[in-house]
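Chain nomenclature is as follows: A, B, C, D, E, F, G and H, assigned in order of appearance, with residue numbering initiated at 1 for each chain independently.
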């Protein structure tokens, strides 16, 4: 079954505070230690997109309004699994 | 054009309303309180905003907020209250806002007393708050002039987006004189484009005095100083009396100015060629007329109800071309014309030393007259 | 809803500019900002609102909201808001203040505004210290808490006790709605948003003064990572500063909240 | 012409009002005029005085060290202002409130039983108008009838009923003439 | 006599403690906060009073109370905070009380920024509060001088029962330099006879600034001005550099003074006969040295980190005998030596008009350099 | 006691000078002064006390007490008292403040001092107006009450609601003893004296901040004779400002009061 | 029976506010309309000294600390009745 | 002799401390010296820099528009200060933190792999000392060993354990010499 939704994290705003990571009830998120934003942060990303239930918790706690939360199936992702 | 007999404080209040005052915020303090009391009745009557603030700090910051709307706002107080407003005044200046404040000066320093004084000159004219800024300061010498300058104050404040201070003293505030009040002007209730809440602004309006980046702050200060040069060009006001043939000139403003006029008249009656300059705008100061007179008269007498705060400005302008002497009373004392007449005689018959320390000479005399209480 | 329907559950509020904030990573100032923007958006008041920024970390708040804003002198935001609201009574006006700003420097102004029942809303960030100037003791600093001006921990004997601002303002008849909420987890944040909504609605309906105190973290000056700071808030601040409604005027309790 | 008049007494004796009547009259007659009260904590202490300056020209000082005339409605006022009056000036005293007369020879002194007169005409509070009448009756600062016209013109509606007594008081006061 | 490398703010705090500070009251504000933070740790350690006040208003009024005991009291702040203290300062002066206040000036007006500035000159030197009074103002140009003046400030304050203001700027406050700290002085803990709570007073001690009777207030003011003449006689301090053969003299205090020194040295290396007067006491001002120099030099250059507040005083003293030119930066900008060198060249090579409007000339130049942001 | 024994039941307190006060006839400022002097006399602290006078009708209080006194700036008495008490901790220090002074101009200072638990005592005269300046509205003016700056009667919609200062300060942990009493009749005055005694004792024993709010009359500005003013107080002020103890810390409640 | 005590009113302080008069439980006091103090007031005095019970109420309410209250028999007044 | 040195980088890289070590050393050697940090809200933003002026004479300006030397510990610092250096001056760059070198020909440029060296000697935070070593090793502002002595003399007790690594870092840095 495909996940219930997905999130997009705007790296312009993300400051790697990890709040979303900690508070995500399904352990979907993590900091992406492989990349740095222009501000020098390792941005949050969906480490386990398959877990996402689109509950919006991450967005509610994000202090930088960096997260957009979508419910439904990500276009081009009908079969579930990690996005490109 | 009926004349009415009105107390200065109330005349200013009424004139402000007629000039289209939208919001008033004040705190009681003698000898200014009638102004606030009058508006506490009248503003609500006309559906305008009146708030008795929690303090002068509150009052000036309410004015700060109201001024951000670009609509006409005012506060009034007296010396200690004006001291409490210094931070706010610096903020208003740093945000380019128009507003009118009335200072009905009393004797100081400290709690002092409630008698008339002019010892707030420095704090309002040269800036008692931090940073580089100017207020426009207007000093009426009669109730009618207080009315006229109140009307004008709002216009000038708006023209330059600056704070205009009406500097009265206890006498002007408490005195009744016949006055003609102006008609009611239409009241502007819609903020102009630069102001918050304006229907005409393009996008977000932010009004702030913070410029965390020094170059930005410096550019702002340069802009404000450049604007001040405009004010200096356009807004100098004074009244000259008997200047054409004057050999000596008395300089005094407000109550000290009008009392000096009595003394100058008396001197003229005795055949002495004495003139009078009564500055009306203390900031910008009528420096040019004094400068020009310094080239042709034999001496000046500065009269103030303070230790000589304007005196310093006159000394600077005259630059030792002719002697400048001083007569002042302090701490709520008001000179009588006779005292000024004596000072005029002393000037005319004195030894005309341009290097004289006017303040020290005067202080020695006053010390003799009143003692030091020790 | 079919499988391919996509719904945006959450997006950046319309009341925000696209600037990144200068707040430290994890700082809940950002959350408070977001809730305000969300509420004003939901109420349709974004174009009718004037914000009053404080002196404190939120001094640049106007960079992040896209409606009109002024910047008050330290502590005087309530006086400034009074001047604005009295002059433009149809606008929605709010102040945004820190605990040094509101409960120390500006205690006189906030009490007077609340007593007068001024029709504006106060968003009060209680982070137990002066963030902007480097973490000095605030009136809200907890007993024993170390700050840069209580280096051995706040000694209540010489440095006094924390002020419970919401409780204090609730003693005033002019206050229509006074509540405390926390921003340390999602549930609390959702609760906080509801309180903020109530406060702004009370203002809109002319019911008087409203203030929401928001318990916040200051990871930088507390010297804690955001997660640890949120835990510290829950463990230390909540007991001293209980969340709750401290004043709900009859009119507010009977108020209908329109829209969603 | 310029005259400086001080009117002084206890609070409640109507000194400020008497000065205002004079000032209104002067204004209505096209004179320059200033009226200034003492103000301050002495308010509460009990004395109240005002200075009225009437002039054909722009007025300089609204106060005077050596006034042209003084109306003294009690003893402290007599004591305080008597020595200051300009030679040739007028001192008008409510005889009923003091226990002495003036010793100055270089001024006109008028001792008026103002309280008694006021009682006689029906309102003891009109003593101030009696004394004002004496002042004007002697000094003729203004055209005939100016004070009375001022009373008619500037009395608030709810006080209109007092106008006739006040006018009577002015007239009775004017009967007292310096020798 | 070990040297230590210490930040100006902390050095002042430590020097005040060593001078016998009994009570400190302050409020955080950049760039002064380290001073408060240092004392928050150190004062309790030594059993002395430290209170973080609710505001600068609170702080100055706590100082007011503490100063009534005659024991050593101090506060510190920066520009907006000093504006909030103006009422309190007038009260302290009106009650003849000794106290020390430190102003670490930042860019303004309004909230401005936290970079170094000298734009509080007028408010502290000429009096930003109401009524006639003076503060003694001392302006160090190095951390060591800040330490030395702090020690002295307490002594002078007590000697004249006046407020002494240490005027620093963000640079002096934030800079580390090697300093030698003085020894700890014994701390006086018993109030002197004139003070409240004194075991030596005869009967009731009342300390107040109210003089409801104007003649009493005037006598008090005469007494204070007479005392000020003493201060002017005894407490003028400045440092002269290369004055003996100087043809032109630069005048600057504090940070502007020390930066000017670099420029003056550079000029000397080029063979130009430039001297420097660095006023240390801004109030009383070293007027005499400037006056004497005006009789023998060809011109002055005033350098300030403001719009020329001291400039006005220099213009008055020089009285058009020789040209006075001005170079200033505003809003938190600090001039570099090169800029001052250029201004020196301009003075030396200029047209030497004594009637020049120094400020207008400078403003025109600065406007060209930085614009007005419009 | 034999028939010829004479006992002085009451005499002018030792802490008074022989000057007559400038207060209006009947004004309860005089009563408050007397109670302070009596309490300090009973405690044997007359020679160890420093008073802080306010700006307001009591500005000349130091003329009537014979111990050391200072005169504060308007509203700042608590800050000034803080400066004194911190510098001379063994002195008994009190401020004497009116409602304009304490609850309007000086609200910031009084709240901060109470929160810090400063060890001084505040005597707070609530006479519902600004006496000295001629009877303007104060934060304590009752709804509908006419004053020279609320000429139609205080309109709570635009001029706000009265502040109950004792209740407000009682929310602060630093306050050890906060009470309200009235001065309108003998029984109330005796009660007031006991409260003042408790407050000063609390200070002497180092238990923290204490404040006694005293309901007072201002016959002059109320436009009432003293007797009518006292009745007005009882009828209008007491319901809005109930007398009582609003904060009694454990230490204060367990305190032993020495002497008579 | 002689009264239980008496009061002395210092006319320097008395401002004729009548508070003592109103509050005296035994109607002992009244303003003396026949006399004026130096300050111009009709001072309070004992109109019915025989009533005085030395309760001290008048002194407790007097705003000007003008009253001294004595318990016992006033010297030279052993037989009761009004004092000279 | 007078030299103005700017040390600039991210907060946490130890730029202020490096400046203080230099300042202490200068002080101990009897030089005049000033150390001044950038202060302000940029603190929070991330960059931190200080200016150290070392001189034989009383120091005028504690800052410099055209410093004698710059230590740049990150790219923004390189970008900002490179153009300002006085001709003939020194630019010392932590090569590991930037992606370019300098194009100026009129100054001495030293690219030092400071982070790598610091790692090698056991503490990546000692990069600041490596660069300071390079500075002193080239400019010789102070007598031989002055920096090391300053470290010994002015390191707080609880940090003494880092002294030896820091000294090693200074030495390794000094090995890099301008051509």
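Operating definition for what follows: a residue touches a chain if its C-beta (ideal position, glycine included) is under 8 Å from a C-beta of that chain, and two chains touch if they have at least 3 such contacts.
Please read all numbers here as calculations on a predicted model, not as lab measurements.
Novice: Touching both subunit A and subunit D, which chains are there?
Specialist: For subunit A paired with subunit D, there are no chains in contact with each.
Novice: Counting C-beta pairs in contact, which chain pair ranks first?
Specialist: B-E
Novice: How big is the gap, in whole Å, between where the Cα atoms of subunit C centre and where those of subunit F centre?
Specialist: Between these chains, centre-to-centre, one finds 35 Å.
Novice: Can you check how far apart subunit F and subunit H are, centre to centre, with Cα atoms defining each centre and the answer in Å?
Specialist: Chain centres of subunit F and subunit H, defined by C-alpha means, are spaced 63 Å apart.
Novice: Give, as an integer number of Å, the spacing between the C-alpha centres of subunit F and subunit B.
Specialist: Inter-chain centre distance comes to 39 Å.
Novice: Can you check how far apart subunit D and subunit F are, centre to centre, with Cα atoms defining each centre and the answer in Å?
Specialist: About 43 Å, centre to centre.
Novice: For subunit B, what residues touch not just one other chain but two or more?
Specialist: 30, 51, 54-55, 57, 80, 87, 91, 95, 110-111, 113-115, 208-210, 212
Novice: For subunit H, what residues touch not just one other chain but two or more?
Specialist: In subunit H, 40-41 touch at least two other chains.
Novice: Hey, what residues on subunit A touch two or more of the other chains?
Specialist: Touching at least two other chains: none.
Novice: Given the complex with subunit F, which residues does subunit E contribute to the contact?
Specialist: The contact residues of subunit E facing subunit F are 22-23, 25, 49, 51, 53-55, 57-59, 61-69, 71, 73, 87-88, 91, 95, 191, 196-197, 201, 203-210.
Novice: Going by the contact rule set out above, which residues of subunit B touch subunit E in the complex?
Specialist: 57, 79-80, 82-84, 86-87, 90-91, 93-95, 105, 107-115, 117, 119-120, 122-123, 126-133, 208-223, 225-226, 229, 306-307, 309, 312, 315-316, 319-320, 329-333, 360, 363, 366-367, 370-374
Novice: Across the complex, what residues on subunit B touch subunit D?
Specialist: Contact set of subunit B toward subunit D: 3, 5, 30-31, 113-115, 170-171, 174-178, 255, 258-263, 265, 334, 336-338.
Novice: If you look only at subunit G, which of its residues touch subunit F in the complex?
Specialist: It comes out as residues 2, 5, 10, 12-13, 15-19, 22-23, 39, 41, 54-57, 59-75, 78.
Novice: For the complex, give me every residue of subunit E touching subunit C.
Specialist: Touching subunit C: residues 27-30, 33, 36-37, 40-41, 44, 50-52, 54-55, 80, 110-111 of subunit E.
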